[in-house]
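Before we start, here is the structure in question, set down as structure tokens.
Letters are used for the chains, namely A, B, C and D, taken in the order the chains are written, and counting of residues starts over at 1 for each.
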Amino acid sequence: MIITLEKQCTTDQRAAIEAVARGAKLEVHPIIGVNETVLGLVGDFNGRYGDMFDHFQAMPGVASIQKISKPYKLAGRDMHPADTIVEVGGVKIGDGSLTHIAGPCAVESEVQIRSIALLVHDAGANVFRGGAFKPRTSPYSFSGLKEDGLRMLRDAGGEVGMPVVTEVMDTRDVPVVSRYADILQVGARNMKNFSLLQEVGQTGMPVMLKRGADATIEDLLMSAEHVLSRRRDREPRLILCERGVIGFDDETRNLTDMSAIPVLHRITHLPVVLDPSHATGVREYVGPMALAGVAAGADGIHIEVHNKPEEALCDGKQSLLPDQYAELIERMAAVHRAVRGVYPRG
Amino acid sequence: MIITLEKQCTTDQRAAIEAVARGAKLEVHPIIGVNETVLGLVGDFNGRYGDMFDHFQAMPGVASIQKISKPYKLAGRDMHPADTIVEVGGVKIGDGSLTHIAGPCAVESEVQIRSIALLVHDAGANVFRGGAFKPRTSPYSFSGLKEDGLRMLRDAGGEVGMPVVTEVMDTRDVPVVSRYADILQVGARNMKNFSLLQEVGQTGMPVMLKRGADATIEDLLMSAEHVLSRRRDREPRLILCERGVIGFDDETRNLTDMSAIPVLHRITHLPVVLDPSHATGVREYVGPMALAGVAAGADGIHIEVHNKPEEALCDGKQSLLPDQYAELIERMAAVHRAVRGVYPRG
Amino acid sequence: MIITLEKQCTTDQRAAIEAVARGAKLEVHPIIGVNETVLGLVGDFNGRYGDMFDHFQAMPGVASIQKISKPYKLAGRDMHPADTIVEVGGVKIGDGSLTHIAGPCAVESEVQIRSIALLVHDAGANVFRGGAFKPRTSPYSFSGLKEDGLRMLRDAGGEVGMPVVTEVMDTRDVPVVSRYADILQVGARNMKNFSLLQEVGQTGMPVMLKRGADATIEDLLMSAEHVLSRRRDREPRLILCERGVIGFDDETRNLTDMSAIPVLHRITHLPVVLDPSHATGVREYVGPMALAGVAAGADGIHIEVHNKPEEALCDGKQSLLPDQYAELIERMAAVHRAVRGVYPRG
Amino acid sequence: MIITLEKQCTTDQRAAIEAVARGAKLEVHPIIGVNETVLGLVGDFNGRYGDMFDHFQAMPGVASIQKISKPYKLAGRDMHPADTIVEVGGVKIGDGSLTHIAGPCAVESEVQIRSIALLVHDAGANVFRGGAFKPRTSPYSFSGLKEDGLRMLRDAGGEVGMPVVTEVMDTRDVPVVSRYADILQVGARNMKNFSLLQEVGQTGMPVMLKRGADATIEDLLMSAEHVLSRRRDREPRLILCERGVIGFDDETRNLTDMSAIPVLHRITHLPVVLDPSHATGVREYVGPMALAGVAAGADGIHIEVHNKPEEALCDGKQSLLPDQYAELIERMAAVHRAVRGVYPRG
């Protein structure tokens, strides 16, 4: 932590700052520059890095503080250099293979979910998705079949032997969703819902955490830290998912942050999945972005697939048809082969 | 709703689109332009505007859709032209007066919260704030005193006769927070936590909803709609709070969207409060932004005040000292007088 | 053009609006909705779409206007459906092959530019780049060798038989840069410097137009329109280049808008190049983003290469070493083969 | 400058970094932390701060660099603590008074510009504006009357005794615009057109520099530095103008960055003007934002005024009527009185 003092910082103010640092058993290294004086603080912050940062920021005489250490620990590579592989239902996510997560936006009926499960399984998907609790911008929109939907999803996945991932939105629903799902999804809108993060963390189950539209990479990893810090078994069974950040152009729903994939791979050991369906919101762009994600090193691609998009109760505009998905999987495989060895993993 | 057809839209595709519209009892008005054909859809969408929008978007032959009607109803001025005044504990928010909400980031101790309550009350505040459940980026940071904090807050507010507002983060905590608080706050990070919005809506209590950093004005009003649609008494006891959106410059924590104040006043009847403390994150800028907010027509200003900012457990950097706050209130009053009559209200 | 009237629009105001429309020989189709009245305007706007839009927006009684037609013509696919192939010095850009543009940020010396030209040529590049007029944030930084640099660049490119592209920043420099360059580059900072766009347009030379960090896709195409509308020969010898937009995360210099590639390919006939060097600003991420760009369908990849990045006078941090570039080209070729036929072109 | 070394930084790499620093006559202060090693570099960078930063960033072994010193000098308060007052034609900008800059978007005709000059002068404006060279998104839109427009503007301003400000877009037009204008305006789209900045700097004339929509505060001050560094007389006759940055919400044209006013006042001595017309793009919001700007401490307010907005050749939607402007000026004066003494200046 590097504290830059204000030009008009008094001797007393500086002494107070140094006293706080020494009280926390940190060494203080002053550097007197031509225009500025900085204090380098060194030592073990004992998980109080954020608190100390806030404390110093509020002290008189402090102009600004630069962080040197990262505020996350369990999510970072410093303490956990090896790549994490999340195993669920026989599928390994993050081992260098390409995981295909697919399914409809929402579970709508038994017939619908079973037929799509068969189709995406045949196409080559290995994790099945479908929403039973749906976050909807409008309170008047279809918001999911709840426990009935969970049961249908579970059964449909079970029939074709695919583990299922589904979103949980409310701490109170964590138990029921945990009974049916193999992976708990925390959606982008709840990425900073810390109560929910901690609750899903405590289950010990695999979690897929989607990046919020306004979340920096550090924000995402701090949310991951909330999940990981609640694991009793210390197993970091957590998958990160990029699904687009807020942008200023209406051509796509969100702005796909493709470089998040290599950035995350450098600083975290957790697997990284791309969701081009929500990132773009437009069917025509899902394929190109999926292929780009594979080329950029994603560990998996998450795609919305519906057999009757125009009858879908949500997100029809961005859903691929099963045929389109099957073709895309072949192309993704070709691109994955083309970049073999570029991204060592697993 | 205006549907623009793709150039290569077939007769069958167009017939299918028109059939869906007519099935929903909407009139179809085609307009054949030089380059494009559009269909104007007219009628009563019966709260299914969002669903219909999604449905049409997913149909083959549709190039794009322009919304004409707004997707919110209870939050908008169309159905509720008169300004809403939220009364709580003798304070009227939105009646043309200037409401002063103030207090520390977090309730830290009985001594701390009582002394700050006295100070801000003396300075002229009329609603007291303090966090007992704190959303913290880091899982290792102080996250509030929970029910003990609620009790201290309630008692401190009671002593000086100020209603209290405090954040609730988890649907499971709504009952306990409701017992102590006069106004339930939904924080920016939970603005799209629809479960929480509905839960606080059902209590019938006054709610202060803070705008998320990535939320458009429409997003904010849709979240308001989630709250309002759960009110059995139909009383729109909801206050909106602007606290900065995501920006690209590190000089301030967020980018204060000052124009949100007049924009909201034009399209919603709900009172609008500005929180310059969280919006800027820097003590020096809180005053200028508070004054600007009053000049722009805000119904209230929400300020973090701490008597020992450098010992605060959170947000010390942005907290005003009680003296600074007292001075600022006088200035705000002067500016409020200077704009009297510019913003008719109440 | 769809004009939504204000609820309180008077009969006279509406009559005035309709009169203006009819005066411009546009047909007026009114649609009376439950809550709103809209006027659909149909006819030939004769290039005055933007002006008419502005005019109507300023008229009393108008609530908002939706554009249906696109404001660009020469840059769009409506009037020019076939893909444009830009030929320069034997290289075809946009014909389905992958163009490799490479070279240092700046021309620094004859030795430097010649050795890099040899290295990137050997690696497989087919267009050579290097800056002689450099836009620099600081007035105290190296700003290029000017005409000497142009001569060195031209000679170095000529020796290995590569056409050269270089930036022009000032209308007054267009003649001198045109004498040495094969392609004139307009940089991101000058994307809305309309004088410069028109000046390079008038030369008739091939132009590479980089997207500004705050430019929407429509903004970019409107700037392209400025160039194209000045061509006497009507040949759209213009290449678009995505190089990242403004974002809110410091992990990378800009936010690579990867989906701009398929979006642009859908709405414009012009070739699209990706510049992952400026988009990311970090050497480690250039490779993954280059591969992603190829997978997303880019017509070319623009990479900064320097043989001694730590001695580079600019952008060393994002420059690849020649060896890294040679390896990357092989990988890009493999990905390009893997997506063959996905993006029909040429 | 604080350099954080990579964990795997070798002894040789570190030695090379230190050698470069010492070669530049900088002292090196290493601080060995628990997880990281940083090198504090101290000394006189002699205007080469930016270059050194780039150089170190490109060196192997460097993880990241934190700037401590600011890269601007002439624009900052360190070397120039006293507030700058720009005097032009008897008007003092930045002396604590409130400057009123007003006029139409474009000079359209002699009759138009003279009548508006009279009206805004009567309303209380003291600087007259009007565009003769207009940057237009579309090449088919009206782009100004050029020198004829300059003459009309000059004459109209002269008649009522107001100095005039007008935009120059092309380095080649600087001489002609300088002959007619009292203040040269560099528009937001050209804020990073460094050739233009240097050219207007060399004239020695007062300049008004508008902030680009994607410019950080530091970017703006670096562009100011380009102007100031070309002044032979060292007189910093430069006015900064906030006119909105890029946002994600369509309710307003840009996102008014109100906090830029106090931020700039803290770090630069140059006067700061707000332009709520371009910032919001909507007539109804111009007044509230103008009042907010005054309350936030702006040295001047720049407003577009037109007597027949619906016939304006540009920006009619955001132009105030003369009556509205006259009323607004009275309100601004009242707010200015209400904040007297809050912002010491001049």
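We adopt the following convention: contacts are C-beta pairs under 8 Å (C-beta built on N, C-alpha and C of every residue); 3 or more make two chains touch, one makes a residue touch a chain.
All figures in this text were calculated on a predicted structure; none of them were measured in a lab.
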{"item": "Neighbouring chains shared between chain A and chain C, ordered by label", "value": "B, D"}
{"item": "Chain at maximum distance from chain D, centres defined as averaged CA atoms", "value": "A"}
{"item": "Contact-richer chain pair (by C-beta pairs counted) among C-D and B-C", "value": "C-D"}
{"item": "Length of the line joining the C-alpha centres of chain B and chain D, rounded to whole Å", "value": "32"}
{"item": "Gap in Å, rounded to a whole number, between the CA centres of chain D and chain C", "value": "26"}
{"item": "Between chain B and chain C, centroid-to-centroid distance (C-alpha), Å", "value": "39"}
{"item": "Residues within chain C bordering two or more other chains", "value": "214, 246-248, 250"}
{"item": "Residue numbers on chain C that touch chain A, as the complex places them", "value": "214, 216-217, 245, 247-252, 255-259, 261-263, 266, 279-280, 284-285, 287-289, 291-297, 331, 334-335, 337-339, 342-343"}
{"item": "List of chain C residues in touch with chain D within their complex", "value": "16, 47-51, 54-55, 57-60, 71, 135-143, 169-173, 189-190, 192-196, 198, 212-214, 219, 222, 225-226, 229-230, 246, 309-317, 319"}
{"item": "Interface residues, chain D side, partner chain A - complex", "value": "2, 4, 7, 29, 31-36, 38, 40, 42-44, 66, 68-69, 78, 246-248, 250"}
